[in-house]
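One chain, subunit A, links the two complexes that follow: it is found with subunit B in the first and with subunit C in the second.
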Partner chain A sequence: MVNYIIRRLLMVPLLLFGVTVLIFLMLQFLSPVERSALYVRDIPKNERVLEGVIRKYGLDKPMYVQYWNWLVGIKDQSTGKIEGGILRGDFGYSRTASQPVVDMIKHRFPATIELALLAVVPVLFGGVFLGVLGAVNHNKFIDHFVRIFAIVGWSFPDFVFGLLLLMIFYATLGWFPPGRVSDWANQVIQSGQFHSYTHMITLDALLNLRFDIFWDALRHLILPVITLAYLWWALTLRVTRSSMLETLRQDYITTARSKGLAEKVVIMRHALPNGLMPVVTLAGGTIVGLLSGVVIVETVYNYPGVGSAAANAAVSLDVITVLAFVLLNGFILVMMNLLVDILYAYIDPRVRLD
Partner chain B sequence: MEDSKVVSTSEHLLEVKDLTTRFDIEGGQVYAVNGVSYTLDEGEALGVVGESGCGKSVHALSIMRLIPIPPGRIEKGEVSFKGRDLLKLSDDEMRQIRGKDISMIFQDPMTSWNPVLTIGFQIMEALQLHMGMDKVAAHARAIELLELVGVPEPSLRVDDYPHQFSGGMRQRAMIALALACNPSVLIADEPTTALDVTIQAQIVDLVKRLQQKLGMAVIWITHDLGVVAGLADRVNVMYAGRIVETGPITEIYKNPRHPYTVGLLGSLPSIGERTGERLFSIPGEPPDLIGLPKGCAFAPRCNYRTERCWNETPELEEVSPGHYAACWEKDKVRKMQ
Partner chain C sequence: MTGKETTPQSEIIGGRTISKLEAWLGTDTYRMLKGLVTNPISVIGLLLLAMFVFIAAAAPILAPVAPGADPYHIPRDGYGSVPKPPGADWTHRQPPMPFWWKAVTGHDQWIHLMGTASGQWDIYYGVIWGTRTALFVGLSITLVGAVVGIAIGAISAYYGGWVDMVLMRITDVFMAFPFMLAAMTLSAVLTPVLGKGIFPPIVALMAFGWMGFARLLRSDILSIREREYVLAAKVIGVRDSRIMFKHILPNAIFPSLVLGSMRIGSYVITFASLSFLGIGAEVGFADWGQLLSFARAWMTQLTEYWYIVIYPGTILVLFVLSWNLVGDALRDVLDPRMQGSR
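== the complex of A and B ==
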């Protein structure tokens, strides 16, 4: 098990190297002038000054030099200060957010995490639960219902679904407003009395014992969470269902039944751990998918997370910001795969002991 | 139907009467088991022989009530075990019998163990469920059981996962699992088919030895008449969901009266046979259960068939004491020389 984990951990730097190389290569499609946004806040209009900037930050140097500078930053000869360098957490300046990319991410990421985490709950539990329910009641009414639910979810584009929900529950019924919190709640949060521990408002509100704010934040989250979750919920459900159907046909399930075990035990203890293996694989991808899904969902619901910032940046051709978002997702993808591999070893002794 | 054969309900450990199991599939209904009746006494070893698809496994799963419903359905019949009709028990009552009074070994030891649970855990499950043991006692008993079936170093191997066992060892452990709660009937569904020949013989010997030691009755399902020879007291020969011949093992070998049994015996290789001679095989294919002929299901492949065979289904009739055959021409049928 330990060996296995060490081997997986050793893969992580390699994968991250691959991710950075790919993103760096994408940066090369920009002109040196555009790339100077990695280091300076305002791109100078004056050509002379501009040339100075390009030379100073080595934007005319060979690619490998630029890659190295991009990773570790470049030292300003006059002040001795290091500028840029993604390993230092400097991703350049976001034109659309009017602040350094890293500040934008710090500021907006908690909102996105809050949205994605809340979406994971219905995806994993609703998807897995309904999937198992469908498989166990194969071809009965509940199974047909679950299948229709999944097919609709899987074939509905999330922006259409989001707008539809917004139309019904906000425009017509007025139940769930867009945005992140109501103005009054925002004022409380900005005031000194409210401690922002995590910057996830639902969690902070609970920690501050402000249940009114918790409820307000939740009301704002419900529609985006459903929109974001539905697609992945449906996919998880389908994978769980078919995998459980397959597992329930296995010989060892007959063995378990022939022992006289109750059907509940057969399903929970014998079928589920085997049936969930493909779902674990999918779960890593689901979390990454949710984080990309936020681009559309946050835009539809005017929700201030990194997704809507990335969408803004994309339409204004603020490539530096977009690529930082891609880099962030790439990093999360690698980490999720690591987590999935470790979980696999935990569930399956054949992986653990080989 | 063959009431002459049935002496009295109470005398037998297990009595199967007119068991009929149907599968609803696309294109119609298939009677995988079609009116099977027989009895099994305490400590008796019964062989059930037939080609694949003849209903021998389905009949065993029907007794255990492990047929997937749907598409399967036990349409009618009675399985009386110690005087109780298993087919009429509630699910809970049936669960108390499964694994405790009647247990089963399956064909493929590679796929019959849950890959994510240890061998020991899977044996302990049965012990904790039926014998009321706690974990410690069940673990100790699992080690004893593994020792009983000849798994070397059982105290170490008990916590191994199935993939760490070889095929033969897995089947031995499967026998340990089946015997865990001292069942009175052990159903072995082709337990040697997936194993190497040398391992096959070991497993047959093991079951035979344990049967003598523990005194349980065994139903040994196989397609190989050779395997049953050294093991069973009686044999049921099944074809297309029916028992076509039944009797004491020596009678069946010496004096087969159904052409299908004759064919099965003829296709066994024997030592001392002239070399270079082609091994006999029954002509034709095992029957397609969807389009069975109106009369005898074996008629299309039979050398003895007459006009009557196409139209009327023969019932089991006694040919000598305890020996029954279902064939219109049974008086003419003789073993191949």
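== the complex of A and C ==
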């Protein structure tokens, strides 16, 4: 077990190195002028000054030098201050957000986390529940229903689904508006009486005992959460169903049944733990998938999170911002995979004895 | 691998009589095709696919454009910003009326069959010609992804050792990015290089679409390499390259092809998503995602302008669904563990 984890941990720096190299290579498609946004706020118009900036930050140096500078930053000779350097958390200046990339992410991340957290729970529980239901009733009506639900869900692009929901529940029924909160609620939040502890509005509203704001924020969240969750829900249920089907065919399940255990016990105690193994792998992917799915969902619903900012940046070819966002997601994905693998070794002895 | 030999008569293999057709196609292919045409789910998928191929092929008849005009540039009826409902008459710069229109409806006036989006782009033309875009996008990305992935997977499995190690770590790095985000980023990076249009996202999707194939083929080759018939070929001194191309690859490649059919849908979704965001296809290009992006301006009035969402949305969903239905059925047919449990 310890051996396995150590071997797995050793992979992480290698992967992260690869991830940064790939992002850095993409940066090389930009001209040195555009790349100077990694270090300076405003790209100077004057050519002489511009050349000075390029020379100062080594943007005309060999690639490995530039890569190193990009990682650790460059020391300004006159002031002694270090500028840039992604390892220091400086990803450059975002043209579309008109602020440093890091500030943009800090500012908008709570909204995205709020959205993704609310989506994770229905995905995992709903998907597993329906998947087990389908497997237990294999080839009966309910199974066909669950299967069709999954395959249709898998075929629905999230933005089409989002537009449909908006059409029905906002434009026609007027129940759930887009955006994050209503104007009146926003005024309260900006005012001095409302304390933003987490910047997740639903949670903050509860902590401030403002149930009207809580309800308002929730009303805005319902459609994006459903849209974000639907696709992964379909996937989770599909994986659970097929994995449960396979488990239920094993000999030990037949043994459990033949010794007279109640069907409920057979399924919940004997089949489910094994049947859920692949779902653990999927769960890691789901969290990453939700975090990247926000790009589309936040755009459809005008929801002010990091996803819509990244989409906006990509459309305006603000590459510095997009690359920072994708780098962040790459890091999260690598860490998530590590977590899943370790968790897997913990729950499945076959892996760690290998 | 039985049944590969072709004989004119039916023969007995594994204690049962097989037909000429089965002998000709080979047992595995025959079983797969039989599974596909007897499974109602895949039949629906295949019928839908046939419909899309028909629409793509018949596009010049279904939605003719003026001679010399670029058919992928949707014709527009003036420049007004308010969408027109389905059935509205063409008023400006009407494209040629299809010959069947009068015969079918008896009208002399060519109309906006599915209405127009803001900017008076005709939705019907976008839907019809967009079918070609979708087929081209889905097939080209899958083809390149599969070829690159299969090449890398085969090289990796064939040479093993440090080549395998390096190639697989590179694969891991490419997989460390969420697909949609990686494609979005690379499209943004490539747009100044390749120019605005559908090619930056296509190239970006190709660049991040090969890893699944590489991994799958590599593991399949590794398992087939240990089979007895390969060992037998080695023992009698067959050259390595011949073993690889004649004995291993043909038997290992099939799951990758199935993966390809299952991937097309998700590639088309990702491409359409990028168009929807405004990356790739230019405004007015015949692409479903691009058409749907017009709906973003009318969020509060979608009840009135439903046709901007419903027509392109339905056809996109059906297109993806058709590939997924076929892919799902193929997987069931090919997975030996699922046999007899249907």
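FYI, the second predicted complex is superposed on the first by the 345 of 354 C-alpha atoms of A that agree within 3 Å, B and C clash if a C-alpha of one lies under 4 Å from a C-alpha of the other, contacts with A are read in each partner's own complex, and residues count from 1 in each chain.
Assume contacts are C-beta pairs under 8 Å (C-beta built on N, C-alpha and C of every residue); 3 or more make two chains touch, one makes a residue touch a chain.
All values reported here derive from a predicted model rather than from experimental measurement.
In the overlay built on the shared chain, the residue A:Ser155 is in contact with subunit C alone; subunit B does not reach it. In the superposition on chain A, contact of A:His220 is made with neither subunit B nor subunit C. Of the two partner chains, subunit C is the only one that A:Asn329 touches; subunit B does not reach it. Of the two partner chains, subunit B is the only one touched by A:His270; subunit C is not.
Contacts of A:Arg210 after superposition: neither subunit B nor subunit C is touched.
Legend: residue contacts after superposition of the two complexes on their common chain; A:Arg241 is shown touching neither subunit B nor subunit C.
Set against each other, subunit B and subunit C touch different numbers of residues in subunit A, with C touching more. Look at A:Ala256: by the touch rule set out above, it reaches subunit B but stays clear of subunit C.
With the contact threshold set out at the top, residues 139 of subunit A are in contact with subunit B in one structure and with subunit C in the other.
On the subunit A side of its complex with subunit B, the touching residues are 139, 250-252, 254-263, 269-270, 273-274, 347-350, 353.
Against subunit C, in their complex, subunit A makes its touches with residues 11, 14-15, 18-19, 21-22, 26, 29-30, 139, 151-152, 154-160, 163-164, 166-167, 170-172, 178, 245-246, 249, 288-289, 291-293, 295-296, 299-300, 302, 310-311, 313-315, 317-319, 322-323, 325-326, 329-330, 333-334. Residues 61, 64, 66, 70, 91, 95-100, 103-104, 106-108, 111-118, 122, 125-126, 129-130, 161, 163-164, 174, 177 of subunit B are the ones that touch subunit A when the two sit in their complex. The touching residues of subunit C, when paired with subunit A in their complex, are 169-170, 172-174, 176-178, 180-182, 184-193, 265, 269, 272-273, 276-279, 289, 292, 295-296, 299-304, 306, 309, 313, 316-317, 320-321, 324-325, 328, 337, 341-342.
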